[in-house]
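Next come two complexes, and both contain subunit A; in the first it sits with subunit B, in the second with subunit C.
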Partner chain A sequence: MDTLIAALFTGTSRGAIYALVAMGLVLVWRGAGIVNFAQMGQAMFSTYIASTLIMNGYSYWLAFFVAIAAGALLGVFLDLVVMRPLSNKKQTELLSSQSMRSAVPVIASLGILGVLQALAGVIWAAEERGFQAPFAQEGYTIAGRVMPFTSFDLFVVTVVAITLILTVIFFKKTGVGLAMRASALDQEVAKLSGIRTNGVRALSWAISGAASSLAGLLLTPTSNLSPYTLDLALIIGFTAAVVGGLDSLPGSVIGGFILGFVISFVNYYMTPEDIYLAILAVLIFVLVVRPRGILGGKDTRRV
Partner chain B sequence: MLEVTDLTTSYGSVIALNSVSMKVKESKITTVIGANGAGKSTLLRTISGLEKPSSGSITWNGQSLLHRRPEEIVRVGVAHVPEGHAVISALTVEENILMGSLFRRRTHKRDIALATEELYTLFPRLLERRKQLAGTLSGGERQMLAISRALVSRPSLLLLDEPSLGLAPLVVEQIIDSIKILSEKTGLTVLLVEQNANTALGVADHGVLLSLGKVVADRPAHELKADANLRAAYLGY
Partner chain C sequence: MSSSRPKSIVRKSSIRTALFGLLIFLAARSFEPYNQGQLAVTLILFIGILSIVILTGISGQISLGQGALMAVGGYSTALMIINLEMSLWIAVPLAIVSGGLAGLILGTVAARLSGPYLAGTTLVVALAIPSIANRFGSVFKGDEGLQVDVGYPPEWFVNTFGDPSYEMWQFYVALPFALISLFFASNLLLSRSGRVWRSIRDHEIASALTGVKVSRQKVFVFTISAAFAGLAGALYGLRGSVGPSTYPTSLSLMLLTGAILGGIRSIAGAFIGSVLVVFLPDWIDYAVHSFELSEQVSNYLPALVGGILLILTVVINPAGVAGGNHLHKHK
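Moving on, here comes the complex of A and B:
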């Protein structure tokens, strides 16, 4: 019984973070048609910025918001400097097939990941460093038992819930949100309606960058920070996005929580080494049973 | 006035428009007719900025439309309803119309509400279905929605591509009539592309016949309609 409750608690707080990672991936996929493998590299970079600020005596909260802003800026920078020139028609006419052309930015994102990790190694040295949490890391006590749910976990769940609600309101209720949905669904009609699709695209990168930086900030206190610590989160987040349907934001959140619970249960009931196998099993199961994901549209299959 | 001069547009090595020159007079309906593959859609797509011409010029009221993105061309009052009832199926009727007004929502908030109301009066069926997803509409309703999406920005020039495609004759008539009334009432200039030459020439003031990317006739609509030789040679009936 204790193990079950513990698994549920851990699953919730982990799932919340994976939902954020998956949401970031889905945003760029919908907004720019790119699976951004550099996403958690960007998050790692901004988490290092936060960590450096904290080590230099600035408050956690200042570092927290600076890192999120840095994540957004880095996202826009990558779109403007790397991705947009790459998807420019003239430069890619050499590649004849459409699938080859759309692969170029994805490969570039792997390159960016490598560059960011190397750069972080050069700037901050490649050793792991701790990253403080703003709250106590002791579990709450329920009925005399210490639960693996700390005030930091509560903070994680609250922050993610607020972020998700704000995202939903933004997309459903604001003009910019509508412009983003329209451009993701049909570029041509969006353009003819006067929507500046380039700006919308950059905004997708910004929001995705901010969301994944937030995920990075929420993940590192329970592990450590090194240029490679967030790689696993990318794999899990990507799986969550595929499970949810890659082009669906609510789907990505559902996928995130499914992965959170699966990993947490495997961790408690089996051994931690089995989680990679579990992730793969979930991915294969969804791809076999429902290839377009839980809430995915019809043509996600080709991904 | 819309002036197209020596316009050439190619897709790779295929020339779709070959040195096309034509004029569209203000507050009139001009139709471009011709067989499949004559370059009608390409003409509209080049005017609205979706395709880049290799040479020639396009001016709207003396203002050049060349080297501008589609989203900027809408801002000078040229709205394009592309072929195939172009609406976004996964958005509601209301959202599709709102989408067309986004770019002027800061400056013309009140006018947008008014324009939306006018469109619902013009196409009452859209009002009934405004909370429904556009994907659930019938073909005719989708075409009405696509036109509304374009009209909500209060364009001065409407580029309309094959509104009759795949629709029942009665619905086509209803849509074409609405456009005619709108043009007469508000002075909207319309460039209508149609494969259905009879319908188009019936409503238009002026007609241009395209064949294999070239202009073969440019005359008042009623003259073009009466010319049996041209009809037999280029339209096949």
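Moving on, here comes the complex of A and C:
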């Protein structure tokens, strides 16, 4: 019983972070038609910036917001320098096939991931870093038992909930959000009705960069930071996004929490090494049973 | 007409293979042992990159999990050599079968997927497969891995060809397999199967309308490609040990980088790519050794340059160094 409650608590705080990662992936997928495999590389990079600030004596909160801003800027930079030239390329013989057109951005994002990880090695010697968030590390005591749910976990869940609510309001209630939904639906029609689709694209990269940096910041106090630690979060986030439906924002939240619980239960009831196999099992199960995810649209393939 | 055509394909492939074998053999003979060892690795990765050329370049399915398929080949060979005391000349070819079987299973799932879905799923596979080694530690020996190597040349070989250096022997072991792979890949790409796969890549629906059974063909490509990867993995493991660290995720990405840099659509590109991947770190070292960079910088420089080259290739010339048009004569 204790284990069950512990697994539920851990699953909640982890799931909140995975929801954030999945949301970042879904945003770029909707905005630019690209699954950004470099996303957690970007998050790693901005989290390293935060840890450098903290090591140099700046406050946690300054580092926190600087890292999120850096994540947004890096996202826009990557869109302008790599992804936009790529999508504006003339249709060469190689790019004329539909399968290669979807494969090339994937390869570019992997290149970005490689460059960011190597840069982190060059700048920070790839050293393992961790930083404490300014919260008590002891779990809350409920009915005389110490739960594996600290005030930091509460902070995580709150921050993620606020972020998700703000994102939903942004997309439903503001003009820019409407423009983003329109261009996700049909790039060409959006352009014809006067929406600057390039700007919208860059904005999705910015929001996604900020969201994933936030995820990196929230993950680091519980697991040390190195250039490769966040790769696992990317895999989990991708699976969460596919579970929920790659083109659905609410779906990414549902997927994130499902993955959070699955991983936390595997951690408590089996060995941590089974995580990878569990993720693979969940992914394949969803792809076979419901390939478009829980809340996904009918068909995302364009004929 | 129809009877003369297959013959010309086989002849063309044989000439290519013989020419390649001769040139690479002469090159290896003139090299120092260190470079001979590198050339052996180049041949092994050439087979691995061929598996990506066939899968991604020809049939248009992207896979980030070739490293995992290599691991399947490597583990099966190592287990057969250690537990059944098989000769490597039997155990390595059997890796073609084990790799192909793994590809058949993966392909059955993957045939339904495309683009980023396929990329993500194969990436998860690349991470998950090595963790099996720790899960079933009694068989696979966990992180420590299985110790296997190419051993020493048999006596008749030494008597006929002289005593090669250990690195040269590694090269001699890899060479016949690389040549067979080259021959098969060349035949496949020039034959009907190659044309069918290209049609799937270029337009799946149009291809299906001409009577191609797309799903079945996709599973078939996956199996063939995985057989190549399994063979490459078996040879890759024979450099000393087969463990999770022999086949990390970065190996899959390295193969993909090589394939893109060289030219994703051609066999020549696969070879150029494997040369680049193996020799680039040394060339970079040579280029910057006068700058006295700190170890911190020089350790990560090859990865940095590789990544930048990958991005530049994709943005500027996605066809890679070798281009990709000469295979289209048969369109």
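Following the convention adopted for this analysis, the second predicted complex is superposed on the first by the 294 of 303 C-alpha atoms of A that agree within 3 Å, B and C clash if a C-alpha of one lies under 4 Å from a C-alpha of the other, contacts with A are read in each partner's own complex, and residues count from 1 in each chain.
As a convention for this text, a residue touches a chain if its C-beta (ideal position, glycine included) is under 8 Å from a C-beta of that chain, and two chains touch if they have at least 3 such contacts.
Just so it is clear, the model here is predicted, and its values are computed rather than measured.
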Practice task
Overlay done on subunit A, so just call it for subunit B and subunit C: clash or fit.
Solution key: fit
Exercise for the section: Look at A:17 in the shared chain and tell me whether it touches subunit B only, subunit C only, both, or neither; answer first, second, both or neither. Expected result: neither
Handout entry: Touched partner set for A:102, first subunit B, second subunit C, both or neither
Key = second
Practice task
Pick one for A:37: touches subunit B only (first), subunit C only (second), both, or neither.
Solution key: second
Practice task
Counting touched residues of subunit A, say whether subunit B or subunit C comes out ahead.
Solution key: C
Exercise for the section: Scan A:274 for contacts with subunit B and subunit C and give back first, second, both or neither. Expected result: second
Exercise for the section: Identify the partner contact of A:191: answer first if only subunit B is touched, second if only subunit C is, both if each is, neither if none is. Expected result: first
Problem - CA minimum distance (subunit B, subunit C), superposed complexes, angstrom - result: 17
Completion exercise
Dual-contact residues of subunit A, meaning touching subunit B and subunit C, are none
Practice task
Name, in rising order, each residue of subunit B that touches subunit A in their complex.
Solution key: 48, 50, 69-71, 74-75, 79-80, 82, 86-91, 95, 98-100, 102-105, 149-150, 153
Handout entry: Residue ranges of subunit A touching subunit B (in the complex, touch as defined)
Key = 175, 178-179, 181-182, 185-186, 188-197, 297
Handout entry: Interfacial residue positions of subunit A with respect to subunit C in the complex
Key = 29, 34-35, 37, 82, 85-86, 89, 92-100, 102-104, 106-108, 110-115, 117-119, 121-122, 125-126, 231-232, 235, 238-239, 242, 246, 271, 273-277, 279-280, 283-284, 287-288, 291, 301, 303
Practice task
State the interface residues of subunit C toward subunit A in the complex, per the touch definition above.
Solution key: 56, 60-62, 64, 109, 112-117, 119-121, 123-125, 127-128, 131-132, 134-135, 200-205, 249, 253, 256-257, 260, 264-265, 296-297, 299-301, 303-304, 306-308, 310-311, 314-315, 318-319, 324-325, 328
